[in-house]
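Shared chain: chain A. Partners: chain B in the first complex, chain C in the second.
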Partner chain A sequence: MRHIVKSLLIVLGIVATIFLGRHFLTPDSWGKYGHYRADYIDEEANRSINYGENDSCLKCHSEVVDMLKHGEHKTLSCEVCHSPLSEHIADGKKIGSMKVPTGNEIDKTCLNCHQKNVAGRPHKFPMIDKNEHYKMLEIRADHNCNQCHTVHYPKENINKAKSLSRNLREAVDNEAK
Partner chain B sequence: MDIAEFLFPNDTHPHWTLMIVIYPYITGLVAGAFIVSSTYHVFKVEALKPVARFSLIFAFAFFAFATAPLLTHLGHPERALNMLFTPNFSGPSMMAGFGYIYLTYGLLLIFEILFVYRIPMIEMLENKNTPKWRVLIYKILTLGSRDKSPDSYHMDHKVAVFLGGLGIPLASMLHGYVGFIFGGVKAVSWWFTPLMPVIFLLSASVSGIAGIILLYVLIKKWTKTHLDMMTVRALVKLLWTFLIFDFVLEMLEIGVHAYGGTEHWHHIHELLSGPLFYTFWIGQVLILTAIPFVVLGFLTLLKFSDRVVLTLGMISSLMLVFQVLFMRWNVVVGGQILAKSERGFLEYHPLWFEKEGILTTIIILSAPFIFLWILGKIFPLWNDDDNYEIKHQNDHFDNKIHIKHEKNDLIDTKSIN
Partner chain C sequence: MKLNNFLNNKNITQDVIDLDRRGFINKFLEGTVAGSLFVVVPMGAGDIFHELAEDHEKNLLAMNPDAKYVFIVDITQCIGCGSCCVADKKENNVPDGQYRTWVERYVIDMLENVYVDSPNGGLNGFNEQRTDIENEIRDSFFVPKLCNHCEDAPCIQVCPVGATFTTPDGFVIVDGTHCVGCGYCLQACPYGVRFINEKTHTADKCTWCYHRVRKGKLPACVNACPTGARKFGDANDRNSEVSKILHSPAILTVLKKDLGTAPALFYIGKREEVV
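Up next is the complex of A and B:
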């Protein structure tokens, strides 16, 4: 019956190996602050930065940054619609092109935030349903949002057009008087 | 119109791919096959003796690949160790729990096999015609033991029965736990039901038993060796029993969802009548459950000739093996394509050549069969095999055959008692 004793010893051996393995493979700094590897904090802090925020674009794209600052999109980050700075610039030089949405991608980009059916947006947030929006505007479905909205200042043209037509109406009204 | 209408930006496609569809499938086959083997080893259902050893090896072959889809999905397989070594007991370390159950069950399965096969292995080891590589393997696997005495046989038998008995709750845990992993996800209304572990367990048994029937008959027909019809009939009965419970509970689950009619029901209802209509109602329920259900019922309740039982039993088993695969798909993919906004569905179309695509799935699903074939070279799958083999190889040692026969008789009568 020695094989039964041997079997038991093997099972014990396996269990012991697991505990030994656990002992050696658990990182040293594990559990220092909580259920994670404490060294991780430093490693994360030392990671190179991917996103530069809008000020980082200022040096080379001041006109767009400026435009964005004055429009309804002033709170947005450029990199939400484009791509991270690190893919575009390294050591102050351009290393790759930025993603620029085109055609239907533009609509998708806008609708990610402005789609009416997306639940959980603040009450006053401007939201549209593309079909209804286009029906209201009486245009064909193949238009893209940027054909009317300047992407970086969405109501710039629209406001201009509105004030133009208002001025025109005033002028016509004055003429009539 | 487009993707943006009802999808949240962080919920645009299912993350759990085909890999997570076949993970419960393979685990289920393990649990199901083990139940067949234990039905003989523990509950002494003699009719299942011819497949008792085979189902153990079958279970092990699939067991060895149960985590393959998970590790493929993980991408960094070595990181699975992190989860096992530093589980978060105060939080939800669900997969670590699976790891522990899986390892414990694996040890049990291996030792059960070693004890069931110890004496046959010693006999093959002592046989001069056994190739060297196998002798070496047997030397290791018998742990150096050469003891063939009736006493040691009985001890082995007791240990095997004990392990088999312990294995039933463990195998049920193994697969019940897989159901628990899904059933515990609060965010997915299609999964979040306490019935989930039970349904997974029952469907696991169905797939395991059906798999055993299929392979038993196919291998026996292929090698033109003796096929025991009593065994096939017993397996068919067992299969029908489990199918009844499985099917009834699956339908009850939907019934509870529908009658309960929580705010999630409209979404599940849309799911079942929309994206899952063909795979659930038509595929899983109507074709792959209802037909085998009726056929197996007839086979169990009425008297039919061997040929009818064999043919219809095989067809039903084949359908049920696929039924369970469909069920896994409907659960795993169905649950994930429910958009979190509850306003529509995501899409999932597996590709042939992506990392977790159809080709990978086929490879992982065929691996256990190849492994089973290799295991079959080491562990004779059928009870008659090793006796038969030894008898033939010992033809010129007349007296040895004699001793062998006597011992076999002794063993057989005792094991029946």
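Up next is the complex of A and C:
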């Protein structure tokens, strides 16, 4: 009799251990959708966002955002050239400085996209070779791209200059008539 | 693994295992013990011990199980600028030398030799022409790579502890709090997109920015791409850009189709040399 009770107790003990083990080792929400912890889905989804996108700069830098929107660089992301919003603003206040490329860093930034001598870029994309470009423009090699191209609107000044000289030419032509 | 040859990636799995063998074994055993318990006692929806946590964060969109999210990469538009890699690294705090997404440069010469490189994963762009190619170049293009979010994902099948899974809305994600860092999934992934995160010591990979999508935003790389080479959306939404492309005459292909993993990442303009 004793040995039956004993073995029953052992079996009971094993069953209890399994259920207790399951109780303590199984995370909440395990098996809700499948063989995984369902709560993790929302934990992952709740991770904070670092990139605010261009519209997030609008409130404080509307002129720059507006400029970018109207120029050839409208598809570019502010935060790729600068830094993510999360390193700059928290709760509506500035918490850190943005990276601002200067000097040759600017040329490097531009050439990342516009360098001609890199096989692989689609041919229709506007590309230049710095040496050729500068030779064509008859300028020294130590000039930086932003001295002529407004970074946020690369052809703004160039188009203005073009239309100015066109107007001048027309005015001269008209006077000659 | 071929990828390691040109990514500045070292063999991360091996490193982690060597660094902390005891920790690894402990963690792994814990995982298997827990794992086997789940097998012994099948888990069902009617869990007798726990009430399921139902409280969802207010700012999250509800999961949409009817959506079929797809990612489309248009190789013909990619200029290899690395904006996507920059955005991805900062958005997801990816450690240096590890990549959730990267850009490969393919150069094919007249003798059909194929050269592939990806300096620092394309993070700093491609500023130099390759100088080691003697023959005339026949074709050259950039191929952005990222997680394929396979419908039939091998990485999920091999996970011993159920730490990686497909969400009801179709994203393959990794539960870092549950992962034991065994590295099986790194071996199983045919696309080499997984790595053991140096900071967390758990498996990590591209999530298609699930945390942004559930807040109504595009993945960071898609937003950063200046040429529209990366597109993302719901293929079941007839008005979405991806649905329009999928129903257009454009030829869409996937990587390693024969493996039957059913990727949800499609390419436009993928040459047959791309693997």
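Definition applied: the second predicted complex is superposed on the first by the 133 of 177 C-alpha atoms of A that agree within 3 Å, B and C clash if a C-alpha of one lies under 4 Å from a C-alpha of the other, contacts with A are read in each partner's own complex, and residues count from 1 in each chain.
Rule of thumb we're sticking to: a residue touches a chain if its C-beta (ideal position, glycine included) is under 8 Å from a C-beta of that chain, and two chains touch if they have at least 3 such contacts.
What you see is a predicted model, and the numbers here were worked out from it, not measured in a lab.
**Student:** In the overlay, answer first, second, both or neither for which of chain B and chain C A:Tyr33 touches.
**Tutor:** Second partner only.
**Student:** Of the two partner chains, chain B (first) and chain C (second), which one does A:Ala176 touch, if any: first, second, both, or neither?
**Tutor:** The answer is neither, since A:Ala176 touches no partner chain.
**Student:** So, does A:Arg47 touch the first partner chain B, the second partner chain C, both, or neither?
**Tutor:** Second partner only, chain C.
**Student:** I'd like to know which partner A:Val11 touches here: chain B for first, chain C for second, both or neither.
**Tutor:** first
**Student:** Look at A:Pro84 in the shared chain and tell me whether it touches chain B only, chain C only, both, or neither; answer first, second, both or neither.
**Tutor:** Only chain C; A:Pro84 stays clear of chain B.
**Student:** Please indicate which partner A:Arg121 is in contact with in the superposed arrangement: first for chain B, second for chain C, both, or neither.
**Tutor:** A:Arg121 contacts chain C only, not chain B.
**Student:** Any idea whether chain B or chain C touches more of chain A?
**Tutor:** The partner with more contacted residues on chain A is C.
**Student:** Mind working out whether A:Arg2 is in touch with chain B, chain C, both or neither, as first, second, both or neither?
**Tutor:** After superposing on A, A:Arg2 lies in contact with chain B but is clear of chain C.
**Student:** Using the superposition on A, tell me which residues of chain A are in contact with chain B and, in the other complex, with chain C.
**Tutor:** On chain A, the residues that contact chain B in one structure and chain C in the other are 18, 21-22, 25-26, 30-31, 35, 108, 111-112, 115, 117-120.
**Student:** Show which residues of chain B lie in contact with chain A when the two form their complex.
**Tutor:** Contacts found on chain B: 1-6, 8-9, 81, 85-86, 88, 90-91, 103, 107, 111, 114-115, 118, 142-145, 147, 151-152, 155, 159, 341, 343.
**Student:** For a test of understanding, state which residues of chain C touch chain A in their complex under the given definition.
**Tutor:** 33-34, 37-38, 40-41, 43-45, 47, 49-50, 52-53, 56-57, 60, 63, 76-83, 86-87, 90-91, 93, 105-107, 124-130, 137, 140-142, 162-168, 173, 175, 177-178, 207, 210-212, 214-215, 217, 220, 223-228
**Student:** Considering only the defined contacts, which chain A positions touch chain C in the complex?
**Tutor:** Within the complex, chain A contacts chain C at residues 18-19, 21-23, 25-51, 53, 73, 75-77, 79-80, 83-84, 108, 111-113, 115, 117-122, 125.
**Student:** Per the contact definition, I'd like the list of chain A residues that touch chain B in the complex.
**Tutor:** 1-4, 6-7, 10-11, 14, 18, 21-22, 25-26, 30-31, 35, 104, 107-108, 111-112, 115, 117-120, 130-131
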